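Have a look at the structure below, then the notes.
Note that the chains take the letters A, B, C, D and E in the order they are written out, and that residue 1 is the start of every chain.
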Amino acid sequence: MAIDIDVARRLGDRSIAARFTAGPGLTALFGPSGAGKTSVLNMVAGLLRPDRGHIRIGDRTLFDGAIDLPPEARRVGYVFQDGRLFPHRRVRANLTYGHDIVPAANRWMTLDEAVQFLGIGHLLDRWPHSLSGGEAQRVAIGRALLAGPEILLMDEPLSSLDTARRSDIMVVIERIRDELKLPILYVSHDRAEIDRLATSVVEIGE
Amino acid sequence: MAIDIDVARRLGDRSIAARFTAGPGLTALFGPSGAGKTSVLNMVAGLLRPDRGHIRIGDRTLFDGAIDLPPEARRVGYVFQDGRLFPHRRVRANLTYGHDIVPAANRWMTLDEAVQFLGIGHLLDRWPHSLSGGEAQRVAIGRALLAGPEILLMDEPLSSLDTARRSDIMVVIERIRDELKLPILYVSHDRAEIDRLATSVVEIGE
Amino acid sequence: MLSPEEWEIVALSLKVGGVAVLATLPIAFAIAWVLARYRFPGRVVLDALVHLPLVLPPVVTGWLLLIAFGPFGPIGRWLESWFGVSLMFRWTGAALAAAIMALPLMVRAMRLSIEGVDRRLEGAARTLGASPWHSFWTISLPLALPGILAALVLGFARSIGEFGATITFVSNIPGETRTLPLAIYSALQVPGGEAMVTRLALLSVALSLGALILSEWLVRRTHGERQRHGD
Amino acid sequence: MLSPEEWEIVALSLKVGGVAVLATLPIAFAIAWVLARYRFPGRVVLDALVHLPLVLPPVVTGWLLLIAFGPFGPIGRWLESWFGVSLMFRWTGAALAAAIMALPLMVRAMRLSIEGVDRRLEGAARTLGASPWHSFWTISLPLALPGILAALVLGFARSIGEFGATITFVSNIPGETRTLPLAIYSALQVPGGEAMVTRLALLSVALSLGALILSEWLVRRTHGERQRHGD
Amino acid sequence: QERGPVVLAAASLQESLTEAANAWAAKGHAKPVLSFAASSALARQVMAGAPADLFLSADEEWMDAVAKAGLLRAGTRTTLLGNRLVLIAPASSQVRLTPARGFALAKALGTGRLALADPDAVPAGKYAKAALTHLGVWSSVAAKVAPAENVRAAMALVERGAAPLGIVYATDARASKAVRVVGTFPASSHPPIRYPVALLKASRIKDAAGFRAFLLSKQGRAIFARHGFSAP
């Protein structure tokens, strides 16, 4: 599935613009802090409305001025830069939130699988407040994957993970990329990560 | 100034324990996600009370069961893993918060200096809500430095910064370490960062 | 311990207060939501309208209710002819009066909580496939729970204490509209009725204390627990 | 537009309501803070005590005030002999009655906001050198501002509308304790007084509308702005 | 069994009317439903169409208002009771004073206030004002009046020592141990205090007329007399 994005949006006194097409696989968004990487992901997710432009994933148009699918119809899995776990639900209920909503046919991962490869089995009954930074991040990744998305948006998903966990998860991301053939938009500042995972690299910048 | 730490604390069903001494310079805390790195920093900062043990920095005892200095008397500069900017103050007021409290003699950096090397001059009149991840992190670093601490606690301070900004700030950390001779406790998962900055490495783990 | 007459009064107060608060809850929440989330012309007017029963002396509110819902009033006539329902001298009228008096307190409490809900969490829910409705029920509403519980307690206490609007609107009929405050008023009219007043006042206090403890328990069961586990 | 007599009533209502709310504000905040932040034996009792004026019919509250603050009452006697102060029949007594009736509403609103303050931010302030006091003034208090403003609006509206406790405690003396609701009540007692009632009621509404608009403007000036700039 | 008639009665009749209703019920009639509130509130309810049977007002003015609205059953309005006005003081007070032309009320008050039901609004207050005007002392005390919500509230001010003197109905003063009757106002000093009663047009209960008749009967009047009411 190919990605075709051309968006522009004013934020305060800044203009964010990005325009790129990418084949299937993992597209790394690269650029200095404040360049607009998160904003682009928000536009793809439907959380921020572009002032103009279009967003197409495969043969689905998510946005083009006339069309503007709501976030829940876009089937994006979004791992936010800042976690955003639901504070009033335990870890288990956070993980299953999207999983329980989507039709069974759209899911491509079970709770057990996610729990196992993320190593969060011992956390299932905990409240998000009590998680360490890396633990919360793993739960957030699991929550996004379990909703059975057709495209993944990952905003520095590995930033606070230790090396072992990091390479475990990179293996999973590679599998998602290669076996499930899901397009992935991936923000990272880590050269090694990008070198290993990225099919293509897009520079977002001034 | 030497650091002498020996603390233990139960959190839920886990026990966090750490015991190490370190000379001056930058001590990297290293360990898997959930090992207790943030908890140790919280205990040093006075935000989490150890169940037993002691914390000494140079010739000052911050904690030893009998003594338990409040956070504001510890003169720690803490860059939190999750930012924690004050949402009701603009960036400038966040930066000067501690700076304005401490006696002028304790300060070792001016607002202008901090703003300049962190590259946040254009953000001074913004609200924290509107900052990008990396921008917020830079403001948080500036806020901690400007309070003129005697010891720095940094919890993955560079995780969402781009490479250029990252090495700029590493230069500053090196200067703080070498010229000001401030002890620094530094949490990071990035091998390259630790190799470049750390005087000593402490393993926190099960 | 309580005389049958006192039991009747207490039961009636509970019924009136309970029905008033539960019936008002969704309406108050809807108003609070609209006031918290939307900017529209007439917003201040709606806000002011909601506060009205707080500002006007209750007797005036009761009088307005009487004019509107009395058998000769426009709404009263309409209710009578279409549904055969009359609120005059009925406990339902007392509940209506209590509900209207409780409304501003309930709206404010819920509005404060709704304004405190982190809207980015709603966005996160949407990306996980939740419709606006589903995200409302599973995210926004539970996060606003402290305000809802506060609204319940405030509203119930206010209902249990409502006097002026009730007696003006539906009079002081034993077993039908004579709630605790009206019984207290009656006792106050009798010289030497202080003992009775004290007794009934203590009953009121006990009722609302019960509601208070119940709500604290609910808070602890839901919201409180996830805080305690935090740092 | 307004007669001199009406001006007097409005001015008095503003004075009584304003003084009541401003004097209660710190006390209510202290109580809200304690209830939100501390668990201690007797907490529920304090909570219940605060809610009392809401649950009791206002007339009973006024009667209790009379018993306590009247010349024969323990507090009244003490005030008289030590300070030579009497609240009886004075606007200060009316303000006291209004303050007590407004207290529960103000405490609840502020408590909701205090419970919503992220305590980790207070910790961050402490590491930056702020004493508990300084962190309270610069972090906790500003973050609880929405609740404080809501408390001001609710309390003021309630004070402007307070009738039963006031007339029972300090009676209905023109120029001293005759606030808007008392004037409205007097008008209601007279057959054909409806025109006067309407006029005075509209005045009440105008006053509280003014307070409402003022508070909305304050919210927008402080809290609102930093939200609008966000996402 | 048929429901008893709904009786709207002035709050000051609470004890006496309850006793009368019990006596009526003891004769095997359905017990009347008694609702006590301020006459003004009750009259407004009648005028808003309330389905009540009998109205007992504490003054003529509100009964007139109901009559003007055409809601009274013709020929059923009559005066049920009378009352007297008394000057009261706290039980501990030593004051001696007899209400008469030009009596030294202002002097007796000193800096204190005179507790009254609101003289512009509430019947008892209106009678008191009329009496004091007639006795030529109103102008000297008008600025010292403490107008209360109703007679009982005025009495509470005296009971609690907030006011050194007050004017209330004889029936109220009689029943309170905390006040002392200083003197009774001459009946000629104010318009006669009358409690009118009437059947309402809306009445559907046959027993209502019977209950009204019972109140006016010898047995009924005796009950009210025991509570200190005078015959009209």
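Everything that follows uses one rule, which is that contacts are C-beta pairs under 8 Å (C-beta built on N, C-alpha and C of every residue); 3 or more make two chains touch, one makes a residue touch a chain.
Here the structure is a predicted model, which is why all the values come from computation and not from measurement.
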| item | value |
| --- | --- |
| Mutual neighbours - chains that touch subunit D and subunit E alike | C |
| Furthest chain, CA centroid comparison against subunit B | E |
| Cα superposition angle of subunit C on its copy subunit D, in degrees to the nearest 5 | 180 |
| Top chain pair, ranked by how many C-beta pairs fall in contact | C-D |
| Of all other chains, the one whose Cα centre sits farthest from subunit D | A |
| Chain centre separation in whole Å, for subunit D relative to subunit B (CA means) | 44 |
| Subunit B and subunit C, separation of their C-alpha mean positions in angstrom | 50 |
| Cα-centroid distance, subunit A relative to subunit B, in whole angstrom | 29 |
| Geometric centre distance via CA averages, subunit E-subunit C, whole Å | 35 |
| Multi-chain contact sites of subunit A, meaning residues that touch two or more partners | 12, 47, 126, 130 |
| Subunit C: positions in contact with at least two other chains | 59, 63, 120, 185, 188, 229, 231 |
| Footprint of subunit B on subunit D - complex, ascending | 120-121, 123-132, 134, 138-139, 142-143, 145, 222-223, 225-227, 229-231 |
| Residue numbers on subunit B that touch subunit D, as the complex places them | 45-47, 70-72, 74-78, 80, 84, 86-88, 90, 97-98, 101-102, 126-127, 129-130, 143-144, 147 |
| Subunit A-touching residues of subunit B, taken from the complex the two chains share | 11-12, 31-34, 37-38, 81-82, 126, 130, 132-135, 138, 155-156, 159-166, 189-191 |
| Residue ranges of subunit E touching subunit C (in the complex, touch as defined) | 6, 8, 11-12, 14-15, 33-37, 41-42, 44-45, 47-52, 152, 155, 172, 174-177 |
| Of subunit C, residues touching subunit D in the complex | 44, 47-48, 51-52, 54-60, 63, 104-105, 108-109, 111-113, 115-116, 120, 146-147, 150, 153-154, 157-158, 160-161, 163-164, 180-181, 184-185, 188, 197, 201, 204-205, 207-209, 212-213, 216, 231 |
